[in-house]
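Could you have a look at this structure, given as structure tokens, before my questions?
Going by the order they are written in, the chains are A, B and C; count residues from 1 in each one.
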Amino acid sequence: MARSRAPRQGPGRPRRPVAPEKGFTLGQVAAAVGGRVHGDDGTRLTGVATLDTAGPGDLSWVADDRRERDAKSSRAGALLVPDARLSADTPCVVVASPQLALSIWLASLHPEEKTPAGAARGSFVHRSVRLGAGASVAAGATVEKGARIGARTRVRAGAFIGAEAEVGADSVVGPGAAVMARCKVGDRCILQPGAVVGSDGFGYVWDGQGHRKVPQVGIARLEDDVEIGANATVDRATLGETVIGRGTKVDNLVQVGHNVTVGAHSILCGQAGIGGSSRLGRGVTLAGQVGVSDHATIGDGAVVTGQAGIARQGRVEAGQIVSGMPALPHREFLKRAALVGKLEAALARISALEAALAKLEKGGPPWSSGSEKS
Amino acid sequence: MARSRAPRQGPGRPRRPVAPEKGFTLGQVAAAVGGRVHGDDGTRLTGVATLDTAGPGDLSWVADDRRERDAKSSRAGALLVPDARLSADTPCVVVASPQLALSIWLASLHPEEKTPAGAARGSFVHRSVRLGAGASVAAGATVEKGARIGARTRVRAGAFIGAEAEVGADSVVGPGAAVMARCKVGDRCILQPGAVVGSDGFGYVWDGQGHRKVPQVGIARLEDDVEIGANATVDRATLGETVIGRGTKVDNLVQVGHNVTVGAHSILCGQAGIGGSSRLGRGVTLAGQVGVSDHATIGDGAVVTGQAGIARQGRVEAGQIVSGMPALPHREFLKRAALVGKLEAALARISALEAALAKLEKGGPPWSSGSEKS
Amino acid sequence: MARSRAPRQGPGRPRRPVAPEKGFTLGQVAAAVGGRVHGDDGTRLTGVATLDTAGPGDLSWVADDRRERDAKSSRAGALLVPDARLSADTPCVVVASPQLALSIWLASLHPEEKTPAGAARGSFVHRSVRLGAGASVAAGATVEKGARIGARTRVRAGAFIGAEAEVGADSVVGPGAAVMARCKVGDRCILQPGAVVGSDGFGYVWDGQGHRKVPQVGIARLEDDVEIGANATVDRATLGETVIGRGTKVDNLVQVGHNVTVGAHSILCGQAGIGGSSRLGRGVTLAGQVGVSDHATIGDGAVVTGQAGIARQGRVEAGQIVSGMPALPHREFLKRAALVGKLEAALARISALEAALAKLEKGGPPWSSGSEKS
């Protein structure tokens, strides 16, 4: 295939994106995304690319007015636009949200792979397991006693489903991902490679000789439409459940501690971590590498910016944007950073004041002695 | 089972915890944890739950006096308490440490799963491997040439034990976890899913054309009673050993670099990272997302708070508590944060002083010109 | 073997490193590393160890003059030195770079393991897969339809190679590591255990009801001589490619987002994270736990120090060293930290000035009232 023969290039140079096998027309795009064609709806295209990398055979998209210049200079053969004006003479499809239209069209170009239903040769599926219609378990994967796999769900190579665990319908458990015993995964969930759902929570009690493990007998439960990133980890609860709410998306290498509750439609970005028993509301955003300590509470729609830290039992109010460690309202964080930038000048001003005052008083008074050197 | 039929609930709502198959009496609890019953020792219970989620069929616990109000308002059928006074009329078992009693009782309710001894069909165990009595290797797991697995140790699905590696007795190597060649894992150790022990250290030397790999020919060694979290990584030493001391617990996604030594009974919380050749003492605590750079030294019993950073060759004295990046004694860290909060007012005071002095001197002197704008 | 019988020791105690099966002479070392022998080139040695742990049977090395004292006090039987003077009477080999000589010699002592060529019993290799000469696929590993594995490349136990993925020659895909569909890995690359190349990028668009997944149809591509650490993750591009440049080394638990480009010979240390579409130049160093947000640009040879954060669309110029969050030039970062340390004294000086001025003016004027308490 063309992409296999693509010459090696140094990093940083733009390159043509992966192209689908056969072409398509702009009319097909408009029909699929529910948009209006301006220009020739017979325009033939073979791929999808960003404005800067697109060629005459590519469909591209213009997110909004700020991309107008890039749109004008793009070599794309056709565009998805919010307003025909943005495409000049290039054939286009007008839609409310070009990004949404793009993802709809990409999905239609790249349908989910089909895998032959059932347990593949080389998979290890306990006879008590209930496999839904069209569900598949790949070679090297294990599904333990009493587990249930929903219809059309794909358990991929080397994945692990523990005893009595439940995975809903139309979900994907990626290569090497694990759903531990008794944990629950909803419908249309995706576990990226190496994701772990239901590892033991980090709970110990000192017994005089050492840290004695507190048995972690609860579960982890993912509601529907949850995605868990590659090598991310969600601990099971000590008692009860760790819950990731419906539609919440969790990026790679994120850690979710035991008994945590994350509300629906939240976004946890790469390498964020949440300590035990914390509660996040709906539509919360944790940016990359954010740390939320134990027993914290984060309200609906709150945003914690990159690398910020929420203290033990800390509170972030609904809708608040916080930054820094310890976390402050974002404005206050920026203001303080700016003020620290004025510190050197401020110390100089203090020294100048001391000198001037000393002059007025004829000779440096004791209170300023040496303080300029401090 | 009840827990399989539990209805879906939105996040944030308390729910009844997972219950064991059959019930138990308060007398059985007292006998198991070595406590004294107040009230009817025939009280029948079916589960264990937190004070706020417990129902009449549940055993709960009261950590200390601060939970007295919650204890009074709890619907729990019985309580583990440090003092009978805390349970009012609810039947209770009095013990020195309710948490310890809780974990003892949970362990007795949920005994370690037994797996059929030996190498399961679909496992790949080299003929030279020595499997201890009662040890098991699950389907999809690999144990390479010359490795030794101790008595009753469980190597779970898809796990990897490299050539000449040694795992002690009564340990668990979780699904997809790896113990690389020649590394050593002690007795009663637990590797959570995806944990890696003995990956190559990150060592290179520039050879004029590129970063040339320094062969990592040492090993990683876990002493007895060590637990390694899900997808956590412990690198092997360049030469010699990387060592995790007896009873030390390592949380998910923690990184331990090559040639690091961690003393006994330490706690490394989620996503903490330790650079090469650093030495941690006994009973050290690294909170979540702490970063310890290369060649640092952290004394016995020291505590590094969340997201703090210890510099290259940095030192934390025994028993010290440090915070921030660069790390400072915790008190100093808090003080500085508070002082920065006074910066805006301080700059206003400086401007006021300049104005007042200028007045005294009849007209602004050169040294203050513009400085208010700085 | 000796190393298997090594007695358990407490952490922190130096110990003899792992020794090769049979001994060697200093002359053999000199020949292998291209150095000049001082003293008896027949000196027999059995191992390699650091200066402090080496015994009479060990070869050690002296990096530079700063190690002179350690060199004199070392019990090593022979030394690799940049200058004969540093070894006193100990037999030595003089080389330009002792570290480079060390890694050359260690490599010769510990040659790459050979594995029998071909697909092992218990591996799952699609009949369409092209396996290069001498390439091997271990038990429990899966290679999907249309993938290509280069000559002498080792796909280890439980590893996953997706459909149409390509791995070059002389590479190693470690236990449980994954190269997802259509992704490309160059020659002489190493994927440590659990590394994931080509997981889906974290891209969603709100569709009115929820976060709709943007299909990630691009690939991830590793150029030649790249190493990816244990459980590190490299996301595939939404469109086009995520690229890790030739000779770049990536440590454990690092996250590389979709459409990121990393130049050649860069170093990404443990737990660093890079957001989507950011571009790193050649020879960039990200220290441990560094966070680079989306759409940032980092110039050739730049260094970002530990735990520093680069903002969205942030820029670091070529050769610059930056620290802190938000990141500042390293000097400025240190200066500000020092200035904050003077804040308490500065506030005292302001109060003293206010008191003195008030005295001059006979009685506290309104502008200072209360401000000392602020």
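By our rule, a residue touches a chain if its C-beta (ideal position, glycine included) is under 8 Å from a C-beta of that chain, and two chains touch if they have at least 3 such contacts.
Not measured: the values here are computed from a predicted model.
Least-squares overlay of CA atoms from subunit B onto subunit C yields a rotation of 120° to the nearest 5. In a homomeric contact, the two copies may use the same or different surfaces; for subunit A and subunit C, under half of the interface residue numbers are shared, pointing to different surfaces. Between subunit A and subunit C, the centres computed from C-alpha atoms are 24 Å apart. In subunit B, the residues touching two or more other chains are 122, 140, 158, 176, 194, 231, 253, 271, 289, 307, 340, 343, 346, 350, 353, 357, 360. On the side of subunit B, the complex with subunit C involves touching residues 122, 124, 140-142, 144, 148, 158, 160, 162-164, 166, 176, 178, 180, 182, 186, 194, 196, 199-200, 202, 204-205, 207, 210-215, 217-219, 223, 231-233, 235, 237, 239-241, 243-245, 253, 255, 257, 261-264, 271, 273, 275, 279, 281, 289, 291, 293, 307, 309, 311, 325-326, 335-336, 339-340, 342-343, 345-346, 348-350, 352-353, 355-357, 360. Within the complex formed with subunit C, the residues of subunit A that make contact are 1, 3-4, 8, 10-12, 14-18, 48-50, 53, 97, 99-100, 102-103, 106-107, 109-110, 113, 122, 138-140, 156-158, 174-176, 190, 192-194, 225, 227, 229-231, 246-247, 249, 251-253, 265, 267, 269-271, 287-289, 306-307, 324, 337, 340-341, 343-344, 346-347, 350, 353-354, 357, 360-361, 365, 367-368, 371, 374.
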